[in-house]
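For clarity, chains are labelled A, B and C in written order, and residue numbers in each chain start from 1.
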């Protein structure tokens, strides 16, 4: 009788797992691009596809949310989680787009460092988001959220170092502008990860 | 008896139509300024006035929302629609302010292209927002929202072309900085239009 | 019996007062730094601490909000107020971080002016936020919110003057980039103050 409130064919956890996997895919691709130091035509296309798939997944979650009466956790938290998780892909896509437009052709040590911190943060985020399904192992989720926050602080320091390097060494103003933008966007990916971690923490607090 | 829940003198649809018309006015003015390539003192003043009127309208909607018990659609969607629609004027006002401060004096081909895409997006948005009033012709609204989204993608490509042009041709770093900012803000107007379109789609989904 | 709904040891007003006092502290510190024109190692550390304390306070408010059944005003307004008030510290911390990284060593007349407007806006905000506790003197709160809005307009004009000054006088593109960023961030502090003021106004309207 309550079946229509619990639609068999829609499970929010499955959808968040899928959305999370797009963020992981985008993150892997970005790490490879940073290592190569150049955005190939195929990379550009692949990143755009991931971003598009993530976008569709986020809207599917929100659309189902709007049609569903009973949800596993607060409606507003589902909405925020779907949107903010999608912002991870969006920002990685923006960086890759900028690298292509700015004709970056060489690996950049600092960008590689950013890509490694981003990978760790997204990996911890995967533990947090996938852990929401099972309320028995909440400590693991709390721990993962703390890690995300720590990676964001690491990113802050790296951004300061990166801008400091530019001020001391980059005499070409156009190059200064390009790299300042790319470094700041890379740090923004970590800011977004931190926000997603906070949404997960909020969900935990409400269920406690 | 229920009269106080349906105040005769306040109709959300009328107010959204009015707020929409400010966005259209701002958009027309911006298109004219882009074509001329220069911001006259009167243009600057006019844009500020439109932005101010739009602001007042958005706050009037939110104030009435907070005093009204029954609303034609979800409270949070009314709030978001009022705010985001206002962001269109805000961003156009910012661009015009920057053009004036940066002493732009010549028409710029790429900015003219942006102004034309923005006009098309705002026009489609007008169809979407005004269409909310009558639930009988929902296909028209859905179609208009899709168009807004397509114009945003067009804007993304134009922004990439514009930044690519700067990288290849603009050797004066100060000019590079000015135009990079203006182009990115112009693309942001289209991002905002896309967000407004999504709010309209959300309202439709909930009413389906 | 209703005791658990009104926890004796948690008072939202006390917590907002405390969060407000961190914003005031950050603002004082920033004014001193702007006057000196240089960020000492101790200043940097102190600002980071204030930002961190503000952050913890905002999350304490949100965590208690999520565990509390009855609140003195709308839940979403408590959430927004806690977050946006925290953004004041975040942005001041960002400016100080940038000044340090960009190796600013001399007082800058325009930045001093910004720090003075920010001080006035944060002071008016203190009257508004602290005034929420006592619904008897609402006119004072309304007046303070109007003042915040007026300071934000003053900040807009100062930002335009500052950017105009850079365009006319700053021939070194790297210096142009640094100061453009700092001036725009200083103006963003005032934008955030305006948003906080609007949240306070929203709370008043709902209680009217």
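Rule of thumb we're sticking to: contacts are C-beta pairs under 8 Å (C-beta built on N, C-alpha and C of every residue); 3 or more make two chains touch, one makes a residue touch a chain.
All values derive from a computational prediction rather than experimental measurement.
Taken chain by chain, the contacts link every pair, so each chain touches all the others. For the touching copies chain B and chain C, the fraction of interface residue numbers used by both falls below half; the interface is of the different-residue type.
Chain centres here are Cα means. That of chain B falls 27 Å from that of chain C. Taken residue by residue, chain A touches two or more other chains at 173, 177, whereas all remaining positions touch fewer.
Of all residues in chain C, only 160, 163-164, 167, 173, 176-177, 180, 198, 202, 205-206, 208 touch chain B in the complex they form.
Residue ranges of chain B in contact with chain C, taken from their complex: 59, 62-63, 66-67, 97-98, 100-103, 173-174, 177-178.
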